[in-house]
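Two complexes follow with chain A in common, the first pairing it with chain B and the second with chain C.
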Partner chain A sequence: MSLVRPFDKLPTLNSAALLLVGTDEKQQQQLAEAILKEKKTFKINIHVATSLPLPAERDHIRPRIDLIAFLINIQSKYSLRNVEASLPHVDANFFLGKVCFLITGVGRMNHCSVEMNAVRKLGNLYCSPVIFCELDSEGIRVATAQRLVRMLQICAGHVPGISALFFSSLMKNSIDE
Partner chain B sequence: MAASGRRLRGDPESGFTMDETVAEYIRRTVLKIPRREIMEMLTIWDFLSKTQLQTINVHHTKERISQEVVTLCEENCAGIKQAAILDMICEETDSLNLADFKYKFKRSLQTALKNVTINFREYEDNALWIRIAWGTQYTKPNQYKATYIVYHLQTPYVFISSLRSNLPLLCQALVHASNYHDIHEMELRSRCLDSLKDIVFKRYSQTFQTYHPRPLQERNVAPEKVDPRIIQENKREKERIQRVNQEVFGNGLQPKIEFAQYKLETMFKGEPEMDILTEKEPFRCVVKFSSPHLLEALKSLAPAGMADAPLSPLLTCIPQKARNYFKIKERKDILSASCLGS
Partner chain C sequence: MRRSGRPSPRGRRPQQDMGTPDSLGMTPLGRKTAETGINFTSTTRFSRGLTFIRTHTLFGQSPARRIIPQTSLLQENADPQKIAFLLRKQWTLYSVTPMYKFSYGNLKEYSRLLSAFVAAEKQKGLAVEVGNDLGIKVTLSALLGLKGTDQDQAAILVQIASRSQLPVENAEDRVVWSGWFCCVSGDDFLENVPEDFTCLSLFLANGAESYTTIVGTWFQKTFDCCFSRLTISPLNLAWMAAMWTGCEVDSHMAATELVFSVPCLPQTLDISYAIHPEDAKALWDTVQKTPGEVTQEEVNLFMDCLYSHFHRHFKIHLSATRLVKVSTSIASAHCDGTIKILHSKHLIGVLMLLTELAISQIQ
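Presenting the complex of A and B:
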């Protein structure tokens, strides 16, 4: 089984790579563009995929992935199942702060197909933060992009003194309170 | 269809060349004749000899029959005059058929039900529209709840707007007037008459099974401004989905229907621990899909990332099977539910 591994490649100088996994291509594109618009001090590459495993033939040109964001649309059970099927293809070391779940579509709660509890359980099971957002709204999209850029910066090791693991345990504690 | 420049067809023996346009005209006129009337029309025309007529086999495809007639006409040196006479015979028979139909239909309905208003209107595409206002034995016809029927005389299809009662009476009148001996209701309903016609006359873009994967056709799409910092990992999968969609749905616009309904009468297949539903009774359930344009919506599901491609054949078979109401029963060999006619 081909896994995405966090440390099997050397990092590139002053850059970071984000992997977005989700079924809604339009949403992924919008989010990626919002992220790239943000002011940042390092180069960002965004890899967009519908599911894992990633195609093997691109392995050698792919950089080291610093952060994986799984997009789940709360209105589509299909997107949840897609993410659940992709998770086994991620190396366990990623779940030490380099994975997060982005739940979209929460602006329309009456069209929910996916239970909130199911999503929280997923976050607990994989020890990763769950971020709720509504990507159709521009303001929230920009805010989410800013959060992701910050997380990416930490996961790529660009913030001295703070590691991905430390940051994720910080986030987890604050959520539980 | 028109040839650029007039080519002449030759008959080497007599040295006569029949005009290509005349040949085409005769071919098209013959194509329009309903199969069961072809021999009768050609006999009335009296241009081809008895031996020539005997060589025509009406059980061939109409394309083939029309070609055979054109070949025979070449032998007989047909000109525009003969072609025009054939056309007039067909027109006359057409209008006779129409008048005959209207008379028989009206008489059939009015004998059964005195209080009924019937009106006819012919349209250019050979469609006959019938408007019927129904009454009862004691009440006058209700003009506000009329039924509309569209009938193309050359075809065995009739389109009926929603009918609350009197359907058997109507069917009887239609069968009697059209000289068919039976009528049956198709499980196909939509609000768009043109789409119903498209489905039934197979006028939508059909697809063919290909054994060799064809490369995607070049489409005139303006090159998107793709940021090189955004890398698509699953381009191949996306192309596969587009290709499968094209194979299943074809290139053109789909016919417009608003619903698809599936009545399930299959056994419930659950965990053995769920004792409640392990009875031998089938689990009855109705699944209804609705949309302003259902087939286009289904076509866009896989590209939008909401379903796997290819879709279930139960959804994609709707235009081919010309039905959008299905009953799904257990298959005798149990493997999976299949769709049967009702």
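Presenting the complex of A and C:
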């Protein structure tokens, strides 16, 4: 009922929509601006939310979401709890490559309040890639924006021959095997 | 030898080759190209150049469980006066890499050399009057009894005393600076250390910062080791709060106090949360399942209970702030790397935890 579903709407021509979910609005703004500055061949809509479920009133004008990026700030346990509370509101079909976890604030590990095990378990449980970044640093912000644009392009189906399902096969870690 | 920590490899790899438009998202692990079809399970072994010896201390992690030794008393040969000297003082923490060719037999020699070095450093830039004795005396002595296991090296105490200027006889020297090296139960972590190396991984200093730098420089030059400031992350402070609240204290219990720093405002706001010690202990007793062992889940649960209680009353999410200081009846620790230990009964336990943090920082 209030789930975000991947395929319940028709795609718009030559565009893709990204949803950023996280408690830190300033970081979301920074990342969104970095993404929009990237050179790309398609139109990107970025939607920003502090938590799910999204308000139902605007649902009919919202485009189809192609990629959801959950931002977890490693310095704030509250952001992890917030993401964990939002995850049940995402339809299961999204977890076939259209969700990723963005862990921010890793530049200052002596301020970390979230343990790495919890983050890794989250990525394992939801079969989604976990990307570590430090959005306060300009270079890493640009690199993360580039990665997200690339992932978004694949998730929206703009790259022939590759679908979002590939992301799960690239996540196997041989150390754990 | 030891490698510095690296972020978890899992998160980085899928995105490595996404930069160029032509790449088909290949990593060394998934070597199938798009033409040959979809491959969901890859069975190639990817040999990595780095192997982590202790998997539970990958970068940024804390162990899933820590054992609190029940009988961690000081050994019999501890000098109570010297031990009392260590308590109730604010110590600044440093982590030290293993020292090369340090010998316990040469402590007098080291004292002499260090005295000369300190005197020389202090006189640098000053006009030297001939015959003026600055009156600095340095002593190195062994601190017995601060060992967790028998393989630990004995602790070393360094004291800088200024000779009394009074002409009165038996005037006592005034200690202006103290520092001590120790390593408690470090042998679990420090396997494969070659001979000639002495592992005294934790250094605690009290006194003027200038003396700390001078002594540190001398040790670094003489024994080819490296000192670095030991900071304590909020995660480890939460562990300390949980572990120390659970300790039995016979005498007067002080309140458990947690200080949080709120990051976002122009002037940072500090929130101090004090809990009655018996309430805190009662809460911890309901959370802890196995006596003598503390798990990460128990620490999380304990802290979540405290946070939700605070939220119910003040509507502030403490989990979004940063824990900077923990004070309990046993000890108090600040995230900048300062500690004050209050009870000799739990001295070994506290040092064991700090040694573990120091070693994980230098690895």
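Quick note on the criterion: the second predicted complex is superposed on the first by the 167 of 177 C-alpha atoms of A that agree within 3 Å, B and C clash if a C-alpha of one lies under 4 Å from a C-alpha of the other, contacts with A are read in each partner's own complex, and residues count from 1 in each chain.
The criterion applied here is as follows: a residue touches a chain if its C-beta (ideal position, glycine included) is under 8 Å from a C-beta of that chain, and two chains touch if they have at least 3 such contacts.
Keep in mind it's a predicted model, so treat the numbers as computed, not measured.
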Using the superposition on chain A, decide if chain B and chain C clash or fit. clash
For A:Tyr78, decide between first (touching chain B), second (touching chain C), both and neither. both
Of the two partners chain B and chain C, more of chain A gets touched by chain C
Quick check on the superposed pair: does A:Phe167 touch chain B, chain C, both, or neither? Answer first, second, both or neither. second
Looking at A:His47 after the superposition, I want to know if it touches chain B, chain C, both of them or none. Which is it: first, second, both, neither? first
Touch check for A:Met109: first (chain B), second (chain C), both, or neither? second
So, does A:Thr23 touch the first partner chain B, the second partner chain C, both, or neither? both
With both complexes superposed on chain A, which partner does A:Arg120 reach: first (chain B), second (chain C), both or neither? second
Which of the two partners, first being chain B and second being chain C, lies in contact with A:Leu36: first, second, both, or neither? first
Looking at chain C, which part out of 37-45, 109-117 or 271-279 clashes with chain B after superposition? 271-279
On chain A, positions contacted by chain B and by chain C: 23, 76, 78-79
Using the touch definition up top, name the residues of chain B that touch chain A in the complex. 227, 229-234, 236-238, 304-307
Quick check: in the complex, which residue numbers of chain A touch chain C? 23, 74-79, 81, 103, 106, 109-117, 120, 123, 129-132, 146-147, 150-151, 154, 161-162, 165-175, 177
Okay, in this complex, where on chain A does chain B touch? 22-26, 29, 32-33, 36, 43-51, 54-55, 58, 76, 78-79
Which bits of chain C are touching chain A when the two form their complex? 7-15, 18-19, 24-25, 27, 29-30, 34, 38-42, 44-46, 48, 58-62, 64, 231-235, 238, 263, 296, 317, 319-323, 335
